[in-house]
Amino acid sequence: MAEHPELLPYGIIREDLFRPLSRAGRKWWFTVAVCFLLVLAGLAAWGVQLRDGLGVTGLNRPVFWGLYIVDFVFWIGISHAGTLISAILRLTDAAWRKPVTRAAEAITLFALMIGGLFPIIHLGRAWFFYWLIPYPNARLMWPNFRSPLVWDLTAIVTYVTGSAIYLYLPLIPDMAQLGAHNKPWRRKLYRALSLGWTGSDREWHALEMAMKLNAVIILAVAISVHTVVAWDFSMSIAPTWHSSIFGPYFVVGAIFSGIGALIIVMATLRHTLHLENYLIKRHFDNMSKLMLTMSLLWFYFTMSEHITIWYGNEPKEMAVFGQRTRGDYAFWFWTMVVVNFVIPVILLGIKKLRSIKTAVIASVGVLIGMWLERYLIVIPTLVTPRLASATSFYSPSWVELMITVATFAAMIMLYLLFARLFPIIAVWEYKPHSPEEED
Amino acid sequence: MATGNPVKPHRWGMVIDLDRCTGCEACVVACHAENNIGMSDPEEAARGRVNHWIRVDRYYEGEFPDVKVKYQPVLCQHCDEAPCEPVCPVNATYHNPEGLNVQVYNRCVGTFYCANNCPYTVRSFNWFDPKWPEPMQLQHNPDVSIRPGGVMEKCTFCIQKIKRVEEQAHAGSRPVADGEVQPACVQSCPAEAMVFGDLNDPDSKVSRFAGDGRATKLMEELGTKPKVIYLEKAR
Amino acid sequence: MFLISEFRSKDALVVALLALKKAGLTPNDLAIFSEEPIEFRKGILDRPSHMSKAAVAGAVCLGTAATSFVYYAQHNYEIVTGGMPIFSFWATGIITYEMTMLGAIFATFFWFLWESGLIRKRDPAAPVPNIGPASMSLRVRCETGRADTFVEILRAAGCIKTERVK
């Protein structure tokens, strides 16, 4: 039966998928509480930074971008899990996607909310972040639309809006079903969110149409968003940042880390919510193959990026290259290559080794590796500026580390809350069968 | 250059003769005093947080004891095609009509993008609110605003001095004489290694030096078109 | 008046729909309620959609508006650009692109709300049947005088039961 979840009776499916909403175990409360405390600690660290100034970070001249920007790129990358994967699978009409899409879309939304905070946390005067938004103001001027940071702002706003709608649309029918929930506050919430959904064919038709259109749009937006994030670097003239490959390189890296995050989330959901009948081995097998592909692609891009620098032998670029491959950052560079390429290829490429467990191990490695990749893009370039006299060093301060940890806690907390409030698998979508196949 | 710089009487530039520079750093001190630049304590300085608008880079050649040292004062190069300008989302750094690359502190939100995109690493950031050891806070220049923590700042070619001279000249209905404007670093250089003037005036000292065979610009190959001209050390 | 008729089989539903349409009812008089989407072949119960046109229109509108705004803003506060053009499609193309996409997203969403009838005023007299996991309910709007004919058609097609609602 576990191999053919399509044949589960609808009543049981509904029961299984709605059950997690009603009962919260002790472990759930414990994890949420710990994460909440960590988030509070992160907020306190940010408070210290706002009070004292950015001097509390490890930043200096010329390392003006540090952990915050690394985290920003990392989280925006994670956000590609969802929307992109779910949109591709939806457009290709891959039937196995059904239990995966909502879990993925939720990652996207939360990762974006977290990632979008970092450019603000990173500002020297964070309380004036809204000066980047065009509105008639006392300064009698508009933002500089040719700045990649303004492009970034528009891209992320579009992506957050699109992902929120993309997550919300298929939630509506589930909300209508949950409208009969026994707790009054939940009943109110679900009814409000269901917008008075009745289940008429007109509504279904419009919903399917809207999902199809949104999938196409969100694909285009997701690719552009990470390209624009890459352009924050490659539009500058800093050595090794000014690279035309950065757009696609970042997009591939983003999808790569996104798949890693999704596999970890799926395995956790399967284990904690007892969804063994829904997230079956086939899903992990398919995701593993996707990740293997991305690992190879990632290696290809990393190779072509570095081999051109090395062969070109331009002194300023070689200084950064040397820092990465045999200097202060060599250990991390080669760690990255191992966890991003060697381990996934061995664990997922050899059929005998491929299992849910190895997929999770590889995914954890990929997340670490992709975080390191962003670190190795941002920091070595900045510590080796064009004028050798300005050469510097960077080590993050406790404030930066605390805020970084807090964002991971925030992600877990938001996800746990989401999984208790909304069915993590789209119930109606999971079984679009005709009733005569029932029973 | 369709909408480039409108023709203005002045195009300020600086010439630094590396043959004359002794690396005494009087320019650095004078700049601090003139521009109300905050002081970093030794711990902060050790963390790479020194705040100088002009610094003196040292280049060593040869092995001890036969060492030659080249001193090179580096300040904002006031590029005509400044890489820092287009990347600022809030127009805090922009080109003023006289071709100066200026920083509007009140607009700055501190994205750091300008500093990352500056190949000369001459921009400095106020990591904290600026502070001065007693009694240095009593000698602030009233013509220069004090920058709060969280904003970027950099050499302005002592724009307050330029403005004052221009106003005086305007009041006297006369042109600004060559050498009348003297930024703090130029004024204080005991070796007279620095010259400031109008690059639009072909007879000015800077223009004549700019045509010298020793004249180079720092990282000219990047196409930033700097307005600081270095006269290379004669061998 | 309205007829609410419950079906268990999609084939029976198709027979009923075709017969009702033959008897002179339009798709506007018919509505099917179910817990999951039911797909029909073309020509059985078509719901023509203008959503893709709306998406394109929204895209063009917001994209153009954003680009014109950027053009206006750049000229309104004209900075000395040091050789760069005041306004350049290349330098602001991303903004045009993103706002075009945002326009499409908003248009799709609002068109979905409109076309699905979720934000339109509903007929308060029209009953909404309770639906279970396995059933499909067909709601027919008809004149009181012809109700008997339609009930007969529904029964012949194989419905489980039919209710009349005034």
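General remarks:
Think of it as A, B and C in the order they're written, each chain with its own count starting at 1.
We take it that a residue touches a chain if its C-beta (ideal position, glycine included) is under 8 Å from a C-beta of that chain, and two chains touch if they have at least 3 such contacts.
Treat the numbers as computed from the prediction; the structure is a model and nothing was measured.
Chain contacts in this assembly form a complete graph, since each chain touches every other chain.
Here A-C and B-C were compared by C-beta pairs in contact; the pair with more is A-C.
Taking the mean of the C-alpha atoms as each chain's centre, chain A and chain B sit 43 Å apart. Once the centre of each chain is set as its mean CA position, chain A and chain C turn out to be 31 Å apart.
In whole angstrom, the spacing between the mean C-alpha positions of chain B and chain C is 63. Looking at chain C, one finds that residues 77, 79, 84, 91 touch two or more other chains. Among the residues of chain B, those in touch with two or more other chains are 86, 91.
Touching two or more other chains at once are residues 141, 143-144, 146, 150 of chain A. For chain B in complex with chain A, the residues that touch the partner chain are 44, 47-50, 55, 57-58, 74, 83, 86-91, 106-113, 115-117, 119-121, 123-129, 148-152, 219, 222.
The touching residues of chain B, when paired with chain C in their complex, are 1-6, 80-82, 85-86, 91, 94-97.
Put simply, chain C touches chain B in their complex at residues 77-86, 91. Here chain A touches chain B in the complex through residues 52-55, 58-65, 119, 122-126, 128-129, 131-132, 139, 141, 143-144, 146-150, 153, 232, 235-238, 382, 385-387, 389-390, 392-393, going by the rule given at the top.
For chain C in complex with chain A, the touching residues are 8-11, 31-38, 45, 47, 49, 51-52, 55, 69-70, 73-74, 76-77, 79, 84, 88, 91-92, 94-95, 97-99, 101-102, 104-106, 108-109, 111-113, 115-119, 122, 128, 131, 133-136, 139.
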